Amino acid sequence: MDNKAIVEILKAVESGKLSVSEAVARLSMCYESLGFANLDIGRGLRTGISEVLFCEGKTRDQVVSISKSILKRNRRLLATRADTETFKAVKRSIPKAGYNETARVITVNPHPRKTKRRIAVLSAGTSDIPVAEEAVATAEFLGNPVDRVFDVGVAGIHRLFGHLDLLKQANVIVVVAGMEGALAGVVGGLVGGPVIGVPTSVGYGASFGGIASLLTMLNSCAPGVTVVNIDNGFGAGVAASLMNAKRT
Amino acid sequence: MDNKAIVEILKAVESGKLSVSEAVARLSMCYESLGFANLDIGRGLRTGISEVLFCEGKTRDQVVSISKSILKRNRRLLATRADTETFKAVKRSIPKAGYNETARVITVNPHPRKTKRRIAVLSAGTSDIPVAEEAVATAEFLGNPVDRVFDVGVAGIHRLFGHLDLLKQANVIVVVAGMEGALAGVVGGLVGGPVIGVPTSVGYGASFGGIASLLTMLNSCAPGVTVVNIDNGFGAGVAASLMNAKRT
Amino acid sequence: MDNKAIVEILKAVESGKLSVSEAVARLSMCYESLGFANLDIGRGLRTGISEVLFCEGKTRDQVVSISKSILKRNRRLLATRADTETFKAVKRSIPKAGYNETARVITVNPHPRKTKRRIAVLSAGTSDIPVAEEAVATAEFLGNPVDRVFDVGVAGIHRLFGHLDLLKQANVIVVVAGMEGALAGVVGGLVGGPVIGVPTSVGYGASFGGIASLLTMLNSCAPGVTVVNIDNGFGAGVAASLMNAKRT
Amino acid sequence: MDNKAIVEILKAVESGKLSVSEAVARLSMCYESLGFANLDIGRGLRTGISEVLFCEGKTRDQVVSISKSILKRNRRLLATRADTETFKAVKRSIPKAGYNETARVITVNPHPRKTKRRIAVLSAGTSDIPVAEEAVATAEFLGNPVDRVFDVGVAGIHRLFGHLDLLKQANVIVVVAGMEGALAGVVGGLVGGPVIGVPTSVGYGASFGGIASLLTMLNSCAPGVTVVNIDNGFGAGVAASLMNAKRT
Amino acid sequence: MDNKAIVEILKAVESGKLSVSEAVARLSMCYESLGFANLDIGRGLRTGISEVLFCEGKTRDQVVSISKSILKRNRRLLATRADTETFKAVKRSIPKAGYNETARVITVNPHPRKTKRRIAVLSAGTSDIPVAEEAVATAEFLGNPVDRVFDVGVAGIHRLFGHLDLLKQANVIVVVAGMEGALAGVVGGLVGGPVIGVPTSVGYGASFGGIASLLTMLNSCAPGVTVVNIDNGFGAGVAASLMNAKRT
Amino acid sequence: MDNKAIVEILKAVESGKLSVSEAVARLSMCYESLGFANLDIGRGLRTGISEVLFCEGKTRDQVVSISKSILKRNRRLLATRADTETFKAVKRSIPKAGYNETARVITVNPHPRKTKRRIAVLSAGTSDIPVAEEAVATAEFLGNPVDRVFDVGVAGIHRLFGHLDLLKQANVIVVVAGMEGALAGVVGGLVGGPVIGVPTSVGYGASFGGIASLLTMLNSCAPGVTVVNIDNGFGAGVAASLMNAKRT
Amino acid sequence: MDNKAIVEILKAVESGKLSVSEAVARLSMCYESLGFANLDIGRGLRTGISEVLFCEGKTRDQVVSISKSILKRNRRLLATRADTETFKAVKRSIPKAGYNETARVITVNPHPRKTKRRIAVLSAGTSDIPVAEEAVATAEFLGNPVDRVFDVGVAGIHRLFGHLDLLKQANVIVVVAGMEGALAGVVGGLVGGPVIGVPTSVGYGASFGGIASLLTMLNSCAPGVTVVNIDNGFGAGVAASLMNAKRT
Amino acid sequence: MDNKAIVEILKAVESGKLSVSEAVARLSMCYESLGFANLDIGRGLRTGISEVLFCEGKTRDQVVSISKSILKRNRRLLATRADTETFKAVKRSIPKAGYNETARVITVNPHPRKTKRRIAVLSAGTSDIPVAEEAVATAEFLGNPVDRVFDVGVAGIHRLFGHLDLLKQANVIVVVAGMEGALAGVVGGLVGGPVIGVPTSVGYGASFGGIASLLTMLNSCAPGVTVVNIDNGFGAGVAASLMNAKRT
């Protein structure tokens, strides 16, 4: 499938041969063959979230080139796992690119604020903040208002209680925690909205790169806690945004 | 903390010494000491979902006794992992108890329908249906309209496409899958709402009791997929209900 | 080494040829060869705790016979993992034997109360109580006053706070928890004495027979938490008793 | 066994003392002792595929020297896991050596095209392409026509359906996928030929270096899917070539 | 999609409105909704192998009922993991059902012999024979001539060499092995066709239910060996049949 | 909660409006919000041990800045996992900082000696000494007299027996061991006080980064042995100090 | 290969056409095809130890039938993992069969004593005795004098020292231990002969069915310790016998 | 215990107050306290093999200093895991030090040849040679004649058969193999002496750093195979030497 096919769909709409809703359905199944890749053009239409660039393992040139190609099609860009040097390279080509250094996230033209419902992102420790910031940056890029509550792990659980009001006002809560990962279950038992646990690889020895925290969260006694992959702040940000959206 | 404390809170409200909102806050932190247990009376107030009875590993007498004690306090009952004999014992004491045999779930006084937004529960195979039904029963008990789409695993992926309209109308989707567990990611790439993956222990050999499916779902390429524990249909039902509720 | 050797040591003390302290040292290294076993007679002298009988995997006849043989030498008996039928068999031979059915522990002539310092044993859920009771029974057998605080898991963390005074007065705290196992770390961050975590095999799916809880406790952010084997209430009871004793 | 033995076999054929078929049988069991190695000279005769050079963990000098020694005996060379610097060193000694940089594969005198039956090599993502290219390069070296279908992972499953005709015309299909690895099972349910799954180490966190993808493929609901080691594009290329050959 | 849809497709062919090839394409995407299941009617058309019945975990009544339903649609039946009692129940309803007791496989109307190319199925030990027989029964049901070579494990490797001629004449070889699983790699180094390894759960201790054998086969030094799930004789039989078929 | 709140508590004490014991309770629940962190000011009051600085993964500037901030509040500082360059940076800002290079521990104003009861720290090998020294430095910082007994692993068990008197005089024993980790159980069988096992990551191959040693210690036949995380000398030092303190 | 082939080899010896040494070489490569099995007739000649019968998973009839068939060929029989009922069935057919009930081993015509060099078999606990007895029974069957030293685990290490003379006189030592498995390394550091470690599945929780003990033994600091599979007393007995034999 | 104690033992022998055999017993329990280490002086007397220096993780200065200290006491030195630079540093201080670069082993004054019985060391691939050479160097240092048979893995099993005579003449066989590790079991089924398996970390993907090979060897069907830690050529060399010695 190539651009010509997309053009044809649009022309059919223009000429009245195709209804708008049918055209959306067809476009949502579009992709663009580039030989080495099949860009999923329809993803934004299907899922509400366009293709995102994962920079790790790509050269700076590749990141710049793909960034420009995404921008041409989508007008917006979210690129994760980007180090400072990568951002500088992108900045040279795309001057309006923004950067959250802690989150290692590059953004261009974030979505405008879509809702007043708030997402809270918690971290258990300060070492978990980079992953938490990735979740924050992702959720904000997608148009959500976000509150940060960092360093409230269970070793000093009273710190969490000092933020209970903020938690209760949140529509969705993301809990980022390494080591023992217990914070997700504690929060899940305190509030009445969806809680997304993000285990991190913070720790050593028997944390086994995040397995300990992952298992803790999967075994949470508080029902309603769901979990994403270790260190996957981005995925948590997307999931939180989907939960925060009014769909029907 | 005992019943007397609760009575005192209520009397203080009656006499105007305590505002209603402050009374709710205090009651949400109530529990009842029974010596061997501390019933979490405030859970319903805090999280919107009262304490649920997990029957596995309990004797029939214990299940009956706890069921009655929960009903006295909450007027409703959800009891999971209950076999047929257990249900019969409960039925003798609580004649209006209902039972979903496949889901192994006992319910009394389910919540009335709270919303028109629908939850879809999918299963990859027919062996996954008991876990899927546990999710269905839980979500329905909590007042949600639920659609079942069973036996649409990726080995015959066209079966899924026959139900795309239903999926797109769902506000939240629960995907229950054992063996390879690939269905969650496929669905996550097709629709624009939150997707909750429930790995099951269905399979043999290198399925390792559900680990294969769990890892597949955690590594889903489609962002927005979150995961609960293996065979945890109940947890998925609660999480889906929380996501389906309008909170703010 | 046989009984004759022991008799000779004692005769040497009697005759003044051997000092009492030297005799203790020698006796603490005694054992009795029974062909299929080498009873460690000196263990009580070396470690303060005589050999304990682990009943699992032994026939009722073996348990009775070893119980009588231990009693002949030590005057006291602690037998763990004993089911009801085993206890009945022991009771027929040793009428004064006592039994804690939940803990599955048989005792004869427990140590008299040795100290006023108290040990607190906490359980996260009601399913963890059998392991917690094993810890209680062991610590009480060894002469310690013990307080139970059951069903205070993190899904309703306010229940724990209702018992803070009791926890602060405890000299040693044992925390028994399955599933997510988060309670040990929360307690470790609240009090200033040693906390012993006992993971249990309670749970399903990704609890992996207690691994989830074990890893959580090993990764506790609160320093001072130490851990024993999964379901090892006995070991926790012994460790707590050793920590509770005034040695120097 | 040394060259002399081989010479004797050939002389015996020449003089009519040994039939050709018996000589093939004996030669297929030949090897050459080099002290530190026993080159398996007969492998090509036995299995149709001569010894291949795995460059990882070898110095450039070793690679050059072994390459020349293989070429002397086999006239062809396939060397895998070779970085650019290694290729340059080989090129200086063997000017006609070719290189697929993405696949990291060096070839000399590839086998001429043996068949019209085609092999299709699919990748789920763009990060899986190096492993996919290793499979392509191997299968092409062995004389097979190969089609590439890259970046058609299940998060945008419609991209796969755009290539169904090509898949149906393939005699053997190799599916290369990291992260969730679900593509192999989807393809296995769509087509009627053998499907070889190659899990890759692409991913992070709970992908555990490819274990997640490996387990997914082993648990594929679609029968007929077989699997090779993580990142083993070479092995998949050989297996596909063997399946593509007409043997009887 | 229901039977009516299928009838319509066929009527369109009858009336000449639909070409045969297009009708095949549409039928291959058919399924039948039964509420609790979506029977994949098109599987046989898509992949050449109709839906197979996995009996484990199903009641005898369910097996009989599904068997009859499959037969009505496909004229043939393959049911795996069926114990003797299950077979007897099937036999009462379907008198012409056959049974391979060792393989635990029920068959009705096996495919007629399709090819002269032979498949060889090897087992390392006698305990691996049930899994090997499942592979044999599956491949024979699908119309392939099969040779058995059992009990030729590497602890007495000369037994394998006594069957070399048979192995060399096979078009595809299935190797079934538990414990150390080494036989697959040895065979892969001796012959020139595709080798499918089937690890079994035979063994104890560090065989870990087949993991040892699975890893051995995945790490085979002989290229061309591919692997299926532990104890998956059925999958190996299907894969071998696909490889043995002339497709193009 | 900010400094103002703390000041208010203290003023209330000054003015007699708040009792001292109530003020301690409130202060023990204090924390200071710094935006990116919530310093747990009350930890020292709650648990007897103030917040400790874990340097790994922090920049030198961060370590210096946090060190100064902790010192301002607590007058004492314990910083673990600090390399030589980090210490030099700290030393420039805090001239009285001390350093144990083997333990990689920085201290300022260690607690004065609190007790005559001694802690013994054992290491199995010389490679385990860095972790053992971390335990020593931590316990000494907290005011305990400590004895070192290094290189007494079970491969030369007589070396341990040469130090039996010292072990018997210790109130608490810490045993640090990698590889097989057997020393903890041997010591636990010889003495009558609490034994804390610290598995280390010393070893290779099947030591799996300390898992072997961790499992050995968790399975210790000698009751009374408790375990901390792999390489967690600091945690063992804290636990030993808590056990060594007279609380009641 | 069948009996006829064997008869021919023997006739060739008789007639002087084949030297005895060449006949041994040929016979050592003999096997007997029984359709479902290839009996490895030459194993005794090749390795000194004839085929042994592993009873687990075989019916009583199969055990009796194979026992008789082995006896016909080898005059001796060793059958392991045989329960009491199995032995009774064998005894009815083979009246002179002997049985070690603890070891679950059946023997007929054990090898006569071959050497004066002694093998010592140690067990750490009494629960390890069945595995230890399997090693004893195997080594004795093969003609070795064996000494038992049971119940000398490291929790009471002085019991081991009471048997040092016996250990020093042993030519080979087998150490059987579950739980922590530390005894193998301690023994390896005390004596100067080969030590074979046999981990057992005795234990619970984090013993993981013998993994803990297996890892301990593999990581033994004392060089010279080698290890067999979990619970493999038979393998240890064979290995000890091979080490005890004078070969050259 | 210090040098003075040793001197006293020797003086007592000189003066006739202590028999030689008693003096050996006492000296075998000697060690030298160096503060940070307890050198196990008696190890050579107890086990026949003096303390060996493991260089990995030690600085060059430490290696040189410990080497000189061992030489002063033992006249011989074996140092393993030493890189070229470390050897050069040792060579400057100890001019007669020898080096096997592949094995990374330094030796001084190897033991003179003690026996005519030969040890064979096999490697499956060329990448396994460094570990195999460590076994060779160790066994030769200890006075054994050793034969190398390298690169005879099961992918070309006929290469092994070309060396059968050499294998049959060996008194002990060490088999070093990574990846699938199948060679140990094949050899164990062919010869009649003890076989020591050494798994190596050679491989990638599902070899999991040597776990695949380790499990293969532990599950060997050929009885008599024992196993050491992954990459532990040194341990295999020591074990082989102990098995090769005539003790009684």
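We call the chains A, B, C, D, E, F, G and H, going by the order they appear; numbering starts again at 1 in every chain.
The definition used in the following text is that a contact is a pair of C-beta atoms (placed from the backbone, for glycine too) under 8 Å apart; a residue touches a chain by one contact, two chains touch by 3 or more.
Note that the structure is a prediction, hence the values are computed from the model and not measured.
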Separation of chain H from chain G in steps, with touching chains one step apart: 1
Same or different residue numbers at the chain F/chain H copy interface, by half rule: different
Rounded Å distance between chain D and chain H, as computed from the means of their C-alpha atoms: 38
Length of the line joining the C-alpha centres of chain C and chain F, rounded to whole Å: 26
Computed distance of Cα centres, chain G from chain A, in Å: 59
Geometric centre distance via CA averages, chain F-chain B, whole Å: 43
In chain D, residues with contacts to at least two other chains: 43, 155-156, 188-190, 205-207, 211, 214, 218-219, 222, 229-230
Listing of all chain pairs that touch each other, if any do: A-B, A-C, A-D, A-F, B-C, B-D, B-E, C-F, C-G, D-E, D-H, E-G, E-H, F-G, F-H, G-H
List of chain A residues in touch with chain B within their complex: 43, 46-49, 52, 116-118, 169, 171, 188-194, 196, 214, 218-219, 222-230, 234-236, 238-239, 242-243, 245-248
Chain G-facing residues of chain F, complex: 124-125, 153-157, 179-182, 185-186, 188-190, 203, 205-208, 211-213, 215-222
Chain E - residues contacting chain G, complex: 126-127, 129, 150-152, 155-156, 158-159, 162, 202, 204-207
Chain A partner contacts - residues on chain F that touch it in the complex: 1, 29, 31, 33, 35-38, 40, 42-43, 56-57, 199, 201, 209-211, 214, 229-232
